[in-house]
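You will see two complexes here that share subunit A, one where it goes with subunit B and one where it goes with subunit C.
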Partner chain A sequence: MNENLQHRIRARLLKLAHFVALFIAMAIICVPGLWVVLNSFRPTVDIMAKPPVWIPRGLNLDNYRAMFGAVGEGGVPVLQYFTNSLIISVTSTFIAILVGMAGGYAFARYRFKGKAAIFIGLMLTRAVPGVSLSLPLFIVMAKTGLIDTHMGLILVYVALNVPFTIWLIDGFFRQVPIDLAEAAEIDGCTRWQAFWKVEFPVARAGVASAGIFAFLTSWNEYALASQLTRSTFSKTMPVGLRDFTSEFTINWGGMCALAVLMIIPALILTFIVQKHLIAGLTFGGVKG
Partner chain B sequence: MSRFRPPAWFVLLLPAIIILAAVVLIPLILSFYSSFTPYKLTRPETLYKWIGTFNYEKAMKSVHFWSAFGRTVLLLTVALNLEMLLGLGLALLVNKVTYGQRALRTIMMFPMMFSPVLVGFQFKFIFNDNVGLVNNALQSLGLTDRAIPWLVDGQLAFFSIVVAEMWSSTAVFAILILAGLFAVPRDPIEAAKVDGCTPWQSFRHITLPYVMPFIYIALAIRSLDVARAYDIVQIMTNGGPARRTELLWTLIGRTGYVDAKMGYANAMGYISIFLAIIFTVYFFRKLNAARSELGMAG
Partner chain C sequence: MAQVQLQNVVKKYGAVEVVHGINLEIADNEFVVLVGPSGCGKSTTLRMIAGLEAISGGDISIGDRVVNDLPPRHRNISMVFQNYALYPHMTVRENLGFSLQIAKRPQAEIDKAVDEAAQILSLAEYMDRKPGALSGGQRQRVAMGRAIVRHPEVFLFDEPLSNLDAKLRTQMRTEIKKLHQKVKSTIVYVTHDQVEAMTLADRIVIMRDGHIEQVGTPLEVFETPANTFVATFIGSPPMNLLSGQIAGGEVAIDGGPKVTLPDQFAGKVQDGQKVILGFRADNLMPEGHAMPMEGASAEFEMVVNLSEPLGTETLLFGSLAGKEVQAKMLNPRPVADGERLQFQLDLTRCHLFDAETQQSLR
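For the complex of A and B:
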């Protein structure tokens, strides 16, 4: 009896410990993000208050209003940055998916000499640190006039995303039985038709997850964008964050507002396709 | 009609090869060449002066370079190991949950959506000695009455950077390891329980081997973009105070853009590229070994 009780208490304690640990972990994950969101609604006086103001008061949209306001009065060309980011991310994701699909299909379906070497070679291009790449890219783009244009950044992001896209999509095409395509060809499809009508629909989840990763990478990239863009015509949002810093002070409220604006699209997109994201990471990697 | 037709795989790979050659390979060849010149952005004619391996020798002899190199390796080792352990812990915690697991998984993915540059600013704000969340909390709780200079003191700044880096990347490990935990078959664990294994033993000898490939995938994915830490460090401290958090990447960026010494920066850039390649190749090899252990080799 006594032993039984002891056992039950131990089980309870373990359960409690598990719950507490989980709660703390989730809090650590959430608090930094939520703090940014909260501060985007607070007046600067409260952000800077000493002693700190813990209970939020006077929440308002001033930071957002100032951000969208006229340039020079604390305004930042946010809409322009947003459009730039959107154009660059969407276009480069689209192209990266097309190129990645072709490449991934080649790796999954064809045997050829030097396959492993070519594969590793493609992967290694992704491992080149952005800042080391940005120096020579800066010189090349300055010479070719691509610097400070959408086109230049799109090209760079396509190249940045292609290796990982190929890796993921290759893994997904390997899961599609080759018999499927062959059966379609016997039934009179061309290889091209067989691909679009049979193989592509089956591997669509993989393509979707590759697309999200490509989009998030382009949307969030900073090291290259900060060097290859100069004016409001091509600056993306991560670079735009710097507009809130001056030499000695940082406009935290305004910056938090832009940060929120930056997270929202990524958040929405990720939640919509969450399932694919996890599937993409695991299957693409394990079975690839 | 004996016109040469390239094989289909080559045609399919061609776009990828062309774009990577144009955006990565050609600039890298250029930077390799310029690393043998005293090229300065402000003096274009210096691009045509050959000085041999002078830049490399200069880097090899530079104390700043070696301390940045050591610090980069240290940061990567510490951060990746801690992220892996915490990710494993987090995945185990979430895996035990029976109700609301989907919601927890969604929350876990939260940091993945944050741009590294945003993470940098966010933690610069949180660790701010005057208005930061950490100091405010510590002072309000009465744990300390002075402002702890998180980003001003060298060692504390390094610690803060590791925290920021971990916050942004532990999720990748946790999600992948969680997916691995789902794939662990139930039977061997039950059998081990019946045979009298302790929970630790069944974790060590059954669960862990199954999860290992997933850990290596996470490491491989992370090793592909470890240099993202550059964004975080550049924003939080920019290598300061007095170079005490200087990493290879911030050193390269400063030498190239602020001092305009492109040749020298490119020489150091090449060394950092080799460091990245070694990391990547190492983890991809581990990944392949783990895969073949599970019989999934492609």
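For the complex of A and C:
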């Protein structure tokens, strides 16, 4: 056989192997998600069946109908949970991004006393597992009357996210050449204008990625929220999932339906900013 | 009117003083080049004029205003950065128009100014591209365009050509010169390339270690360097410097031949004074391959260690009194390494420096 042909065949086979390997990897990653989606459309009998029923038979919207139905007939205050989640996540993300931008910019651009120490301190807070804070937080919140309020969770999530957003945004501003701001100042900008018109747009990708990470953290957080919320007034969707467990039974179908509702906004958001996200993760394209 | 004046300008970073009280007057429409080795404070000086760096002492004025504490935007200057510093998220058109946009000028005026600049710098085809999609030379032109749209009183350039390859550099050098003729503004230009300095400048400012060593036209600093530093920094190859002593109307080169004291230094030196004799390769030529010398000349023998043919002339590396000396040979013939030749030194073009102060004795 001709040598070129051999190489071509080998290259093809290799490519095929890549696809197969990728497919398997993606399948493993996606199966739980798909399983949740699938389960949300079928009765508990099918969900619990042994051996598992892979090929769906008879899908329906019963779980969704029940979920939006009256309380007592399997209904949960979905809209209320959704609104709570949205308010808490969006507000805390917004604040975390503002603080992250101010902090990240300061760390990237200015020299000040104790800079390294403060930075390390911020990073160390990431090393503390969030759950270990739940009791102290509970006590503080209880004393300040912030239990079961939006404000309480927003504060917690801001605190949780700020070190991370500062760290991420700092990295992005570091990569924006300082000359750009100087050029803008010479072109007539104030320091403030130079930031908003030049440095911020250039580092926008970083801010967007920090934003989405912060949002997803708040959106998905369960451990602390389950301690600090009580009623429909402030319960978030992850906490709401527990409404489907009762003393003796777990309504898996309903839980999956709510989980799907939870995943959808996160997916949409990720899609919207994915361009920035990818640009952000492969930063360095900024050349003067 | 936009003359620039620096009076006793000092720059300190913490306790370290990097610019030591420099004085400089730049006339309106003058093209002044700051040149000097790396780290001598050229960029710092330029950035102080721009207002990007606070001054630690002295006064800077632009036009008839003292601008010591004014932010860059109130100084009516433009600056071209070494790495261009184009705004990567804006198109070329937006980059060019940015300063006018900030100044809230009417759109029609912005368009007109931008198109004019684009035409001067032949940027018309690239107007809708982002800087990332431009070559180095094109980016350089955009950076210059951005500087000229505002018609500032003073242009500041910080090594604008150092990121370009040799050919493009020569080309852009010419363009900058043309630009100056067109826009008629005061220009302060920083470079460490003495060829750039010589070709562009109305006046050259030679800096070293935060001091100004000499200010003069390119010919002045070439022909009458104020000290040995300027003598070796300006001109290529660098000036030959040999230490010696004045001895009865002659300069006795340490461990080498004696040459007659050049006329221009008669009465300016004392017997026994330690001096440094300086001459350029162009003024030391082997017999039979030299320019006819009009004035006094000295002759001595020298061994040639190495020769570099350059076509119309050959550069010879000899050794005299244990020091390497460079000479030039016109109408060159092949020279064998180690060949001993008789050389003629044009005394009228020699320089004498005091050995202690290193200053010219002229």
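Operating definition for what follows: the second predicted complex is superposed on the first by the 248 of 288 C-alpha atoms of A that agree within 3 Å, B and C clash if a C-alpha of one lies under 4 Å from a C-alpha of the other, contacts with A are read in each partner's own complex, and residues count from 1 in each chain.
By our rule, a residue touches a chain if its C-beta (ideal position, glycine included) is under 8 Å from a C-beta of that chain, and two chains touch if they have at least 3 such contacts.
This structure is a prediction, so every number in the text was calculated from the model and none was measured.
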item: Comparing the two partners subunit B and subunit C, which touches a greater set of residues in subunit A; value: B
item: Partner chain in contact with A:I88 - subunit B first, subunit C second, else both or neither; value: neither
item: Touching partner for A:P201 - first (subunit B), second (subunit C), both, neither; value: second
item: First (subunit B), second (subunit C), both or neither touched by A:A223; value: first
item: Subunit B versus subunit C as contact partner of A:S132, first or second or both or neither; value: first
item: Touched partner set for A:Q193, first subunit B, second subunit C, both or neither; value: second
item: Partner chain(s) touched by A:A25 [first = subunit B, second = subunit C, both, neither]; value: first
item: Which superposed partner A:A183 touches (first subunit B, second subunit C, both, neither); value: second
item: Contacts on subunit A seen with subunit B and repeated with subunit C across the two complexes; value: 285-288
item: Sites on subunit C touched by subunit A in the complex; value: 50-52, 71-73, 77-79, 81, 83-89, 98-99, 102-103, 131-132, 139, 146, 150
item: In the complex, subunit B residues that touch subunit A; value: 7-10, 12-13, 15-17, 19-20, 22-28, 30-31, 34, 89-90, 93-94, 96-97, 104-118, 121-126, 130-131, 133, 136, 139-140, 167, 171, 175-176, 179-180, 213-214, 217, 220-221, 223-225, 227-228, 230-231, 234, 249, 252-253, 256-257, 262, 265-266, 269-270, 272-273, 276-277, 279-281, 284, 287, 291, 294, 296, 298
item: Subunit A residues within the subunit C interface of the complex; value: 177, 179-180, 182-190, 193, 197-198, 201-202, 204, 285-288
item: Residue ranges of subunit A touching subunit B (in the complex, touch as defined); value: 18, 21-22, 25-26, 28-33, 35-36, 39, 47-52, 54, 98-100, 102-103, 105-106, 109-110, 112, 118, 120, 122-137, 139-140, 155-156, 158-160, 162-164, 166, 174, 216, 219-223, 227, 237-238, 241, 250, 252, 255, 259, 262-263, 266-267, 270-271, 274, 277-278, 281-282, 285-288
